[in-house]
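Next, two complexes with chain A in common: one pairs it with chain B, the other with chain C.
Moving on, here comes the complex of A and B:
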């Protein structure tokens, strides 16, 4: 396993190099450069433009520019953004990547859980109103025009019912008066709270994994009880700590801003997972080991969840992982509609304002995230299916 | 014959599958007894209702199957009257099963040991993990597997090993009866023979009762005390193993014997039985075998023959049985 991961990391580095080269070629092949703008300003003499090009190194041969850029990328220097001058690109990305990843990871997980649960139920109880109802609703939402649907959700829940905020990452009115020592503007306060939220979530996940590992050798009944209790305890502690802390209400504000996009992405996409699960589940239910499980006297719920659904999950999980990078980079529409300050909106703004360093940085990180997601998928898959060994 | 009360008593079992085209009468009025510690073999062509009977005994039927009548007594309780919860406790504890396609009878994502522990936890709930593992170790030794293999996954087992693991799983809760449905069909002849012999030995050692199901009468004959020959959802003949081999009474049994090469080396022409088993959507009236029977007369076409004892516990359902001293 360790050897396999090392091999895969090597492959990823090679792929990343190819990806970066392509990125550089495409963006360098664009006509003109950033100094083109100076042409439209009659007050700037051509010598100034020439000097700027020299200062930026744009008059060097392409190969030298490429080498310099690659070296800078490897040392984490992605340059300075033109449109948000003088912020370094890396700082902008480090602020926005977690926002995008958290939003779309949450949405993907929720969508997976909803789609998987309904699909499982559909295969289990075929026919009847539930099957037709959820299939019609699911497929309708699946085919609906996403921007329109997003706007309708904002219109209904944000504008009319006023249950949820219209968009953005946080509500400035609440944050302006929030007291966090040492931090002045709401942007850095937002980052402060969000980082702590991420930290909590990571600790919770690690604790949960430890719980799963340590309860492995218990008898079935005790294990189920321990896992259920432990999960509840971890969740309760995490929520409890936040509820008791002074910045709990700020965290809740961020969560509130996430609800609408997550629900929208889930509704639009869950039918795919649902129909795939239904299909694989129907195939799994015909397997002989399902009959064995029933013959052993296991209750139907255990047969369904532990034996059938566990196997039906494998191809569905693959689908989820394949879609994950697409969700991160393809979030441009969703992020624009909900004004979510993540990677998608950054890429869009950088492109329209010809902010080449920011475009390059954003695309590089989308590539890196995609490759990492695939590695994580491969490793997780080996845990889910014992037949897969590397 | 019937001094002791049988561990299993099936009376007039009728089971239908509902399909879009109509009811398929898969099991039609089958009766048999199984005595404690004895084994019964059920033989017949594909689709004659052997497996349907096996699944009826565990009430493990698909949704479209309906038991229309009869009773199945296991140690005095009619399992057709059990509630769902009672049924879950009954399964595996009283009747366990070695499945037809043992290759796929194990769930690929759990270790073999864990799948047996699951049954132990369910029926013998108070075992600790160590006790369960000890029990599985004993079971593995009994069926000829290395106890160390219990932490392996099914795909790491060969076909024969998987079959042994499935047998160990069936033995795990000390059931009164084990049903072996085509237990060795997927295996090569040598492994098949060895596993059947070992199964027989285990059965005798533990004093369990056993039902073997196969289409191969030669395989069945080696391990069964009594043999039931099924045809088109009905029991054609039921007798002690030796009896049925030496004096088959039903023309179908006779034909079935002629269709297999003799184990004892007596040479005879292999005779195939012309025709096919009837479509059970529209079973023929009277005796279901009459369209293929060389001895059929008018009465066979109109009236169902009674399943009667011809002496010495040799039951046959035929209007014109072969003479007892035939050949």
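Moving on, here comes the complex of A and C:
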């Protein structure tokens, strides 16, 4: 197990190196360099441009520049953003990465649970209008043009029904008057609240995992009761603490802004999981051990959830891993549509304003995010499938 | 004497190409019989034919019924209508005294006074060119590499498979966004870049694993014993047997390419004159999103067109999957 994880980490690191090399190639393939901008200003003498070139090391051989590029990436020195001038790129990214990760994680988990549950139900109740209807809806959602779908979601739920905000991360009107000691602008207030929300969520997840591990050896009925009660207790405590605190309404504002993007990513993504689950479930249901389980007189629900669904889960999980880059691309598009200030919109804004350090930094970190997600998914897969032990 | 017998036998047998054609026709017929049974594939095929007709009809209409000054998808303008965007002319407009029934603008006009249907039809052609172009590049690369890697194995295989691992983990859309904004991207460049990325990535892995199962077949061994060299075996025995699978993955590549083009032109990053993504972007940038109910003809047709064309190729791919993989067929 440990050996397998180590091997995967090694492969991921090599991939990261190749990805960084690719970015460097793109960067050097660009005609001209940073100092080209100085040519447009007649007040800047040519010597200054020469000096800047030397200071930045742009005249050095390509290999030395490449080494410097890799070293800078490892030490987190990604340069200074042009469009938000004195701010270092790494600071901008560190502020936005958690937002993307939260959106992506929430959407992925919701998507997997919804897709798996519906796919399981579909395979169980075959034929008729239900199956055809869900296949048609599924394929349509799977191939729907994400930007247009996002815009339609904004139009329906934001503009027509006015249930949810149109986009962005927080509502400036609420945040301007919010009192948080020591913080002036609403951006840092937002970060303050968001970090605490993240902390709460992480603690809740750890507690829930502990609960699952401790209740593993109980009898079925007691375990179900303990898990249900424990989950409810954790959720109630977390919500209670936030509701009681004076920044609770600010957190609710952020959550409200998150609902629409998460729903959009879920709707676009869950169909793939659903169709795949249905297919693998149908194959699993033909197996002999399903017939044995039924012959033993087990209730249908147990046969479905314990004998069929658990075995059908593995290929679905593989499909999830294969679709990871697609999911991250979908996330980038959705973020941009909803003006969610994460990596996606940072990338797009940086590219349109030709802020090259920020572009390269964002792309590096999107690559890093994809690779990390891959690694996590692979390790989870190895845990799920006892046959993988190499 | 021996010689004459041989020549006469060659004379009576039909030429090789004719036999191959017959075989191919037979294969096609049996494949079509399986494909026909699946309503999903037929729906996809009907949709593709519909869009192909749209694309083919545009130049004909422009040459005959449509006035270029009014109906040009990029520079056209209708002076006879006072307010643009205007709704479809066949829908009654109670509040407009000027309204009379006609098919002048079947899908209305956009904020710049251009005919929406003309734009839609004009874009269809470039979508097809892009999709098929990217798919051809992908299939060419993936089939060649898959066959070569499976046939030689060893170091060649390892190098190409590592490349495939890397390429397939790349964040496609993010990379395309950066490339298209840093360099001048036209449709042909996008088709090439997408085709190369998809060709070196996931498709290669699938095709190689198929090639591995063909490589161990007896007729490959027989060809080698008969003295065929490596290139001959790869291109006349291995590749033709991979083509059905390649064709299947072509369908999925088309979906991906059309989707990426639409995303990039929606973000305004492509150097392109007119496309479905651009139509949505124009409407959104001009501020018609929050009034989509009234101005449905601005965003709805193009959004639905992208979705339907992507779905069509995807559905055909799913149905072809059943033809290529006997395991998936109904028993």
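Simple rule for what comes next: the second predicted complex is superposed on the first by the 384 of 390 C-alpha atoms of A that agree within 3 Å, B and C clash if a C-alpha of one lies under 4 Å from a C-alpha of the other, contacts with A are read in each partner's own complex, and residues count from 1 in each chain.
Criterion: contacts are C-beta pairs under 8 Å (C-beta built on N, C-alpha and C of every residue); 3 or more make two chains touch, one makes a residue touch a chain.
It should be emphasised that the depicted structure is a prediction, and the values quoted were computed from it without experimental measurement.
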* Asked: With chain A superposed, do chain B and chain C clash or fit?
  -> fit
* Partner chain(s) touched by A:44 [first = chain B, second = chain C, both, neither] -> neither
* Mind working out whether A:295 is in touch with chain B, chain C, both or neither, as first, second, both or neither? => first
* To do: Pick one for A:15: touches chain B only (first), chain C only (second), both, or neither.
  => second
* Asked: Once the shared chain is lined up, is A:211 touching chain B (first), chain C (second), both, or neither of them?
  -> neither
* Of chain B and chain C, which one contacts the greater number of residues in chain A? -> C
* Angle at the Cα centre of chain A spanned by the Cα centres of chain C and chain B: state it in steps of 10 degrees. => 80
* Asked: Thinking of the overlay built on chain A, is A:385 touched by chain B (first), by chain C (second), by both, or by neither?
  -> first
* To do: Name the contact category of A:352: first (chain B only), second (chain C only), both, or neither.
  => second
* Structure fact -> Superposition result for chain B with chain C: lowest C-alpha separation, Å, rounded to 13
* Asked: Which chain A residues contact chain B in one complex and chain C in the other?
  -> none
* chain A residues within the chain B interface of the complex -> 217-221, 287-289, 291-299, 307, 310-311, 384-387
* Quick one: which bits of chain A touch chain C in the complex? Just the residue numbers, please. => 11, 14-15, 18-19, 26, 30, 135, 139-140, 142-149, 151-152, 154-155, 159-160, 322, 324-326, 328-329, 332-333, 336, 344, 347-348, 351-352, 354, 356, 359, 362-363, 366-367, 370-371, 374
* Asked: Contact residues on chain C for chain A in the complex?
  -> 40, 162, 165-166, 168-175, 177-179, 181-183, 202, 255, 259, 262-263, 266-269, 276-277, 280, 284, 289-290, 292-293, 299, 302-303, 306-307, 310-311, 314-315
* Asked: In the complex of these two chains, what residues of chain B are touching chain A?
  -> 58, 60, 87-93, 96-97, 99-101, 103-109, 111, 115, 117-119, 121-123, 125, 127-129, 132, 153, 155, 166, 169
